[in-house]
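In what follows, structures are represented as C-alpha cells.
In what follows, chain A forms one complex with chain B and a second complex with chain C.
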Partner chain A sequence: MHTHLKLIFVLLALSVASTAVAQTSQADQDKEELKMAALEALMSAPSDLALPLVIKVLNGNNSDNLKESALFILSQIDHPDATAKLLEFARSGDGGMQLEAIRMIGINGEDEAIAGLTDIYAAGDADVREAVLEAYLIADDVEGVFNIAMNTQSEDEYEEAVETLAAMGAHEALSKLREAKGPSDALITAYIISDNDAELRKIALDGSDIELQIEAIEALGIVGANDADAVLVEIYRSTASEDIKEAALVGLLIGDHDDAILALYRASNNVVEKRDLLEALVVMDSDSMMEVIEEALGDQ
Partner chain B sequence: MSWLIRMRGLIAVALMIAASLGNETIASDLIALSEEGWHTWRVPSVEIPGEERIYVLMRSGEPAKIEVPGRWCNNLPHNGEVIDLGLVSTDESIDWLQQYVESRTDIGSDALAAISRHAGDRSLNVLIGIVESDADQELREQAVFWMVLSESDDAFNYIDRLLTKK
Partner chain C sequence: MNNDEKKLCDELNLAKEIPAPADMQRRWHDSIDRAVRHEYAMRPEPARPFNFTSFFWGAAVTAALVAGIGIGAFFTAGPTAIQPNSIVAQNTSTANSAVPGAFTRSLRVHLRDTQQNIASMPIESAEDRTLLVLQIIQQNRIFERAAEQNNSDGLARVLRAFEPILLRLAVDNIAAEDADALREQLAFEFRVMLTKLKRDTSNDTHST
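The block that comes next holds the complex of A and B.
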C-alpha cells in the first residue's frame, strides 16, 4: 500500500513537472516570437533607430534563429555601419552565423560588402567558399565568380565556380573561361545547364581532345538547339572516327532527331552502319521504323 | 445683478472666440459615432509636434474600417463624404478604439494601429499591456509591430528591453 502511494505521488509529481515544462517551453516560444515580430518591424523603422537594436540582438545571447533573422534585417538596413557589421560577422562570426552573414552580403548587394567577399573567400574553408559563391550568385555578381574561376588552382573550386556561372547564365564569362583555360568537363556541363549550344559546337568540332569532343557532341543532343540535327549529321558524315560517329548518333538519339537518323540510314550502303542506325530508331520507338520496314518489304 | 450681466458678457465673448476657432470640439462625444458612413477626428500625434487624423467607416453601428493616413492607409474617403468630429482628446479616442481591440473583431488590428499613432504614455501603455498580458499571441505580436512603427523613443526603449531580455 505504501509503495502504491509512493508510485502515485511520483506520477503526480511527474505530471505536474511535465506540465510546468510545457508551459515554460510555450512561454519561451511566445517570447521568441515576440522578439521576431519586433525584429521584423524594425525593417520599417528608420535605420538609425533600428540598427543599434539589431546589433544588440546579434551580440546578445539569443537563439540562432533570431540571430539569423537579425542578420537579414541588418542586410536590409541602408547604413554604412550595417554593412560594416555584416562584413564583421562574415569575417569572424561563429560557424553558421558566419555563413549566414556571407549570404546576407549577397542579399544586401552593397558594392563595399561585395568587394569584401574576395578576402573572405581567400581566407575561408570549403564551407565559407561555398557561401561566398552563393552570395555572388544572389548578388548576380558574375565578375566575382569569374575571378575565382580564373585564379583558383583547385579543380574542385574551379568546377564549383563554373557551375555557379552556369546557374547565373553567364554566357560571356563561360566563353572567356574556355578561351583562357581550354575546354573541360565542368565547362561542358555548364554549357548544358546554361543552354549554350554555340560553345558546345566549338568543342564538338575541336578535335584536340577526343573525350571532350565526344561529350560535347552528345551534349548538343541534350541542349536541343534548332539546327542541332544538321550539325550532328554533318559531324557524323564528315568524321572517320567510329567513336565520333557513335557520339553523333547518340546526340541525334537524345535529341529525338529520328528524321535525321532515317536520312542517314537511307544514305548508307554499309550493312553494319545501317544496323546501328536501325537500332537507334528502334530504341527511339520511332514512326520512321514503319517506313524502313515497308521499304524493306517493297524491295523484296 | 451687475456681476451676472458681466458674467453673461464674458460667456458670450468666450463663445464668440470658440466659434471663431471653427467648429472644432474637444472631447467630443464619440459614442455618437453611430451614423452610417465615414467619420474622422484628430488627436495629438505620436510624432510631436503634429496631429493624427483617424478615419472610421461605420456600418450598422459598428466600424467597418479604421484608417490612419500614412504608409498603411489606402482607402480614405473623399472630403465631402466625411463627418468631421474635430479634435478629440487622446483618452477618449483611445477608449473608443480600444473597445474594438478587446472585442477580438477583424477590425481590432486596425484599431491597434490607430492607437499606436496617439501621443503620450496612454497609447504605449495600452500596447505594452497587450504585449505583456494578452492571451492572444498574434495580437501581442501586432502590438509589438505597431509599437516599433510608432517610432517613439519610449516605444524603442521598451523594444530594446524586450529584445535583450532573456
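The block that comes next holds the complex of A and C.
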C-alpha cells in the first residue's frame, strides 16, 4: 500500500513537471514567433529606426533562426553600418550564421561588402567558398567569379567557378578563360550550359588536344546551333582522323540532323562508311532509313 | 522488311549486334549524359501532364495565370508607366521607387502565391514537390528578368537568391525537417519583401 502511494506521488509529480516543461516550451515558442513577427514589421519602419533594433537582435542571446532572419532584414537596409555588420558576420560568424551572412552580402549587393568576399573566400573552407560563389551569382558579379577561376590552383575550385560563370551566362568571361588557361572539359560543359556554340566551334576546330576536340565536336550537336549541321558535315568531310569523323557523326546524331547524314551517305563511295552512316540513321529512327535501303537495293 | 531489304541488312551487318569498343561506348554515354543535362537545363518543366484533379495544381495554375496577366500588364503598361519625373529621391530605395505599379503589383501576387504554394507543398511526394518547385523557379526567373529590365537590381538580387534555396527544396531525398526549415526561411523572406514592396508603394503614393 505504501509503495502504491509512493508510485502515485511520483506519477503525479512527473505529470506536473511535464506540464510545466510543455508550458515553458510553448511560452518560448510563442516568444520566438512574436520576435519573428516584430522583425518582419521592422521592414515597414524607416532604416535609421530599424537598424539599431536589428543589430540588437544580432548581438543578443537569440536563437540562430532569429538571427539569420535578422540578417535578411539587414541585407535590405541601405546603410553603411548594415553592410559592416554583414561583413562582420561573414568573416567571423559560426557555421550557418557565417554562410547566411555571405548570402546576404550577395543580396545586399553593396560594392564594399562584395569586395570583402575575396578575402573571405581565400580564408574559408569548402562550404564558405561555395557560399561566396553563390553570393557572387546572386549579386551578378561576374568579375568576382572570373578572378577566382583565374587565380585558383585547385582543379575543383576552377570547375566550380566555371560552372557558376556558365549559370550566370557570362560568355565573355568564359571566352577569356579559354584564351588565358586553354580549353578544358569544364569549359566545354560551361559552353554547353550557356549555349555558347561560337566557343565550342573554336575548340572543335583546334586540333591541339584531340580528346577535347572530340568532346567539343559532339557538344556542337548538343547545343544545336542553327548551322551546327553544316559545321559538323564540314568537319566530317575535311578530317582524315577516324575519331574526329566518328565525333562529327555523333554530333549530327545527337543534333538529330538526319538530312545531313543522308547527304553524307549519298556522297560516299565507301561501303564501310556507308554502313556506319546507315547505322546512325537506324539509331535515329530516321524517316530516310527505308528510303536509303531502297536506294541501296536499287543499286544492286 | 521484305526479303531483299533483309538481305541488304545482313550484308551491311545491321541485324548483327556488334559491341562497340569500350572507349567509344564511354564517349557515347558521356555525350548522352551531356545531352540529357543540357535538355534538363533548357527545360525546367519536366514534360509531364498536369494532374488537374489536385487542388494543389489548380492553385499553382491559378498563380501562373495571375502572374502571367500581371506581367502582361506590366509590359503593356511599361512605356507609359516609366516617367523620369516620377522617381522619388526622398526614399532610400530609389531604385524601387521607379518600378512601374503593374510590375510591383504582379510581383506581390507572385510572392504571395508562391508563399502559399510552398506552405501547402506535398512534402511526402518528392516528384510533385520537385515539379512544383521547378515551376516556381521558372516563374521566379521571369520576374527576375523583369526586375533587371526595369533597373531594379535590388529586387533582381533577392529573386535570384531564392533560386538556390528552391533548388535545395527540390532535392529528392531532403529530410522533412530540413524541408520545413527551408520553407520557413522562404516564407519569412517572402513576407519581408511583401512588406517592403508595400512600404515603397505607400511612400510613392504619399510623395506624389
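Odds and ends about this structure:
In this section, the second predicted complex is superposed on the first by the 268 of 300 C-alpha atoms of A that agree within 3 Å, B and C clash if a C-alpha of one lies under 4 Å from a C-alpha of the other, contacts with A are read in each partner's own complex, and residues count from 1 in each chain.
Everything below uses one rule, namely that contacts are C-beta pairs under 8 Å (C-beta built on N, C-alpha and C of every residue); 3 or more make two chains touch, one makes a residue touch a chain.
If you're wondering where the values come from, they're calculated on a predicted model, not measured in any experiment.
Of the two partner chains, chain C is the only one touched by A:I192; chain B is not.
In the superposition on chain A, contact of A:E40 is made with both chain B and chain C. Judged by the touch definition given at the top, the superposed model places A:F72 against chain C, while chain B stays out of reach. Looking at the shared chain after the overlay, A:H171 reaches neither chain B nor chain C. By the touch criterion stated above, A:L49 is placed in contact with chain B alone, chain C being left untouched. Set side by side, chain B and chain C differ in how many residues of chain A they touch, and the one touching more is C. In the overlay built on the shared chain, the residue A:R201 is in contact with neither chain B nor chain C. With both structures placed on the common chain, the touch criterion links A:L137 to chain C but leaves chain B unconnected. In the superposed model, A:G106 lies in contact with chain C only, and not with chain B.
By the touch criterion defined above, A:I254 lies against chain C but remains apart from chain B after alignment on the C-alpha atoms of chain A. Shared contact residues of chain A, touching chain B in one structure and chain C in the other: 36, 40-41, 44. Across the interface of their complex, chain C is touched by residues 36, 40-41, 43-44, 47, 65, 68-69, 72-73, 76, 78-79, 103, 106-109, 134, 137-140, 189, 192-193, 214-215, 218-219, 221-223, 246-247, 250, 254, 274-275, 278-279, 282, 293-294, 296-297, 300 of chain A.
By the touch criterion given at the top, residues 71, 131, 137, 140-142, 144-149, 151, 156, 159-160, 162-164, 166 of chain B touch chain A in their complex. Put simply, chain A touches chain B in their complex at residues 30, 33-42, 44-46, 49, 52-53, 56-57, 60-61.
Chain C makes touch with chain A in their complex at residues 4-5, 8-9, 12-14, 24, 27-28, 30-32, 34-35, 37-38, 41, 92-93, 153-154, 156-158, 160-161, 164, 184-185, 188-189, 191-192, 195-196, 198-199.
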